[in-house]
Amino acid sequence: MKKLINSPDTVVTDALRGLAAAHPSLEVDVENRVISLAGGPRQGKVGLVSGGGSGHEPLHGGYVGYGMLDAAAPGEVYTSPVPDQILLATQRADAGAGVLHIVKNYTGDVLNFRMAAELAEDEDIRVVSVVTNDDAAVEDSTYTAGRRGVGGTVFVEKIAGAAAEGGADLDAVAAVATRVNERTRSFAIALHAGTVPAAGKPGFALEENEVELGVGIHGEPGRERGSMAPMNELIAYALDVIHADLPVSGNLLVMLNGQGATPLIELYGAFAEATAWIEGHGATVARSLVGNYITSLDQSGFSVTLTQLDDELLRLWDAPVSTPALRWGR
Amino acid sequence: MKKLINSPDTVVTDALRGLAAAHPSLEVDVENRVISLAGGPRQGKVGLVSGGGSGHEPLHGGYVGYGMLDAAAPGEVYTSPVPDQILLATQRADAGAGVLHIVKNYTGDVLNFRMAAELAEDEDIRVVSVVTNDDAAVEDSTYTAGRRGVGGTVFVEKIAGAAAEGGADLDAVAAVATRVNERTRSFAIALHAGTVPAAGKPGFALEENEVELGVGIHGEPGRERGSMAPMNELIAYALDVIHADLPVSGNLLVMLNGQGATPLIELYGAFAEATAWIEGHGATVARSLVGNYITSLDQSGFSVTLTQLDDELLRLWDAPVSTPALRWGR
Amino acid sequence: MGFDTETAVAWIDTAATVVKADEARLTALDAAIGDGDHGANLVRGLTAAVAGIAEKEPSTPGEVLVVAGRGIVAKTGGASGPLYGSALRRAGKALGDTTDADAVQLGAALEAMLTAIVELGSAAEGDKTMVDALGPAVRAFNDLAADGASLPAAALAAADAAEAGLAATIPLQARKGRASYLGPRSVGHEDPGAASTALLLRALAEVTA
Amino acid sequence: MGFDTETAVAWIDTAATVVKADEARLTALDAAIGDGDHGANLVRGLTAAVAGIAEKEPSTPGEVLVVAGRGIVAKTGGASGPLYGSALRRAGKALGDTTDADAVQLGAALEAMLTAIVELGSAAEGDKTMVDALGPAVRAFNDLAADGASLPAAALAAADAAEAGLAATIPLQARKGRASYLGPRSVGHEDPGAASTALLLRALAEVTA
């Protein structure tokens, strides 16, 4: 393992120090591991908090800012944050109108956020949680912990953030977040596994002719190992899975996301194929993101996320946002 | 080699198709390989054109937009574009006030841009060229082709773009571009070499305990091979080289750039160390970029670029910009 | 002598030591069917538990477990942090003010641990989680305790049962936690949480022996 | 028979064929001390040259070289595109309207090639570039032509000299082009541009033999 780090123990702390130095718009509490908006939230606005393991940057800290999150709680690499930390983030996000927790569906995240929500209620902060679970790779049945929350989380954070910025109350913000999640599906394929610094070797080993199909964002092995194929076939595979689950139609918001080590030139190529596939299925790419938005350390591969937009969601997507990683309209 | 591509031959074309699909603000001429502003430049504004080999995305196509470039000419992977293509970009960027060519100092780029400039003069378009050469790794002597143009090119494009947007004439825009270049130095270290799709294997082979010091952006081997070291030592090495060449002082614009496969969590950590080093040397990080801004396919490692700001350069840096890869203020 | 303050502290200390010694193994188990952090998580959590005890100097075995549980919740993260942390807190509360719990009292505390985990995580035995080790262990402990066996004997039986439960997770397909995402590919591996539960119960048997 | 239209076309065709056959070797040379694209660049450029000739059907050897040079400039990119492209264009212009150049005329055209490259790239012999192969080749060609040797004999001597010039680049440290960035690390390798120049001159010797 060769990594640009001081030591596995300091990776998260070092990154938070760098985030603080790079973005004066953020208040980064390195010791308690809470990233929040410098100056705090606008009074009366519903607060938005998310968090999860580190290693997915820019998620979530890079999405703190106007029109998106008010605070984020980054855990250790690939490990959910702890309740006290989430509580602190919740307190910093609270501006008197309650706080929405956006939680990716993993047992650890769900449990730690649930405990934090209970602690927050003790402090008289009303908390509503929305759990994202957009990964079409996982069967949503009683035989699993349910679907994982993956790329759709970025869309939920942006759109719910716009609703909150626009003055919606906590239940309305939660409702729109839930709606985005329900209308969203993702699927990911990895070409090379990433390496958790503390583990020192890749999460799984792939031969030159293998890919991991339906991989998660934590270097978990996927549901199946497949054969390496030209990019257009991998894109079609991913979109077929999504389509089988939530038929592709209408105006779509599309993210073609890199897992961390796949260069932009390849992601744009993959997006060209995804667009062709989607249009070939009679739907429209109304809005898109191409780049590294929810990563898995130095894993290579892509994920594709589709959301069925409606007029309200489109308007909220287009609303101004100003965060380190997503910025337009101001 | 496992890459998310259809074939080595189609990498650039596929990426251009994707760029077109992702960014309606751009006009992407896939056949002629010219990326320009949809709707063309504002009449009377000095046009800005850059270009070079592909594989460095978002450079240069991702910097076409308000306040930065008017057109870009992407060559094959790591190969400079050809004169006709640069001429076409120049014509699309021309709004009657002449065109600035921003050329990274490589023999191929310089020669092809020079030929294009001659062709443009034949079409009565006045062209001035600024050649960037900020790589402190290369001795600038008669024994080399001169210093390479690397990360500083991003700063030159942004700042010259702001000057042009602000109404400066061609000579003034060229002068500010030259000034940025002169006040800028970069240095890069690679941990793993990237792989050119057509070559099928990494540009150089590094052992687990080796790094490439003073590496370029084309997978060229560096001047020296060094020992792998903790991140803070690598950062100090890079900054020491820069400091020896152009002493670090005053207000700095700093880019901590990833080479393509290094995750953001590591880049932020590296930026924390760079900031500490710079402040320890009595200078100030006035503005910064942390992320993948000028890449080398899937190479892993970082580059650091420093520019000595003055009031004018700071103002031009802060001016609004709206491109796929750099956006603020509008 | 039963489960007194000193024994409770020794349990947590020993647990921290053995988990630290086996960190790499727990991590490897988690890398195979999860995300490879279970070892680091528990080391972090138990280190916090030990530090919390040193700082708070609890004076009853119940308090010891409550303090340990708080430390684990506060520092572990992941699924195992809330599960183990709440479990110990609940076990501590079940012990009440007693300064020296007998086998029956400790059995009830262990039962409370199990209940806490099942309430939070809603896993049943057979889902390939820590419950597969803890469930049989608690039953073995309480069967013996109900028959009037000594606390050391009950703890030894519990440790053995936990290890058997761990072994029994190998052929199972996971239905809870991160390993469930693998579907059939989760078969053929020990569950990391069951492995750490087995370590905790072996530590209990050691300190009560 | 001298260097007529047919021979000129054959030269470019043969050059395209041998460069294509040796693409991997040229690329490997460039990967060692450059950026690994020289093979692909020249294949692209010479393919365009061949296509241009097929399309334009030039009627003199000078026109053939001008058309080939334009194709190379238009499609190659990199350092070698403008250098080789301008060189051929300049050589074609030097041939003027002749339909069948003799050794002296072709020698002057080769001299024009060299001049074009040196003017554009300002490399001197010894800088470890294509000039190290082309310079000696042009001298060998013109020495023989001046002595009244036949065109085939001059071309053969030029090809041999180019190959000797290529071999002589191995111990040199590059002072121009991308390889110069490597400083002393550029020593010990053949220069890729010199290698392709040697191929071009060998092709000339073949088609004029």
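Details
A, B, C and D label the chains in the order they appear, each numbered from 1.
Criterion: a residue touches a chain if its C-beta (ideal position, glycine included) is under 8 Å from a C-beta of that chain, and two chains touch if they have at least 3 such contacts.
As the structure is a prediction and not an experimental result, all values here were calculated from the model.
Common partners of chain C and chain D, by the touch rule above, are absent. Common neighbours of chain A and chain C, by the contact definition above: there are none. Averaging Cα atoms per chain gives one point for each, and the point farthest from that of chain B is the centre of C.
With centres taken as mean Cα positions, chain C sits 55 Å from chain B.
Centres computed as Cα averages put chain B at a distance of 32 Å from chain D. Taking each chain's centre as the average of its CA atoms, chain A and chain B sit 29 Å apart. The set of chain A residues touching two or more other chains comprises 77. Counting only residues that touch two or more partner chains, chain D has none.
Taken as a contact graph, with one node per protein chain and an edge wherever two chains touch, the assembly forms an open path, each chain linked only to its neighbours along a line. Contacting chain pairs (ordered by label): A-B, A-C, B-D.
Interface residues of chain C, counted against chain A in their complex, comprise 27, 31, 33-37, 40-41, 44, 73-83, 86, 120-121, 173, 175-178, 180-183, 185. If you check the complex, the residues on chain A that touch chain C are 53, 75-84, 106-108, 111-112, 114-115, 137-139, 142-145, 148, 196, 198-199, 203, 216, 218-221, 223-224. Those residues of chain A whose C-beta lies close enough to touch chain B in the complex are 1-7, 10-12, 14-22, 54-55, 57-58, 62, 77, 191-192, 194, 206, 208, 211, 228, 230-232, 234, 256, 260-273, 275, 285, 288, 290, 292, 295, 297-298, 300-302, 327-328, 330.
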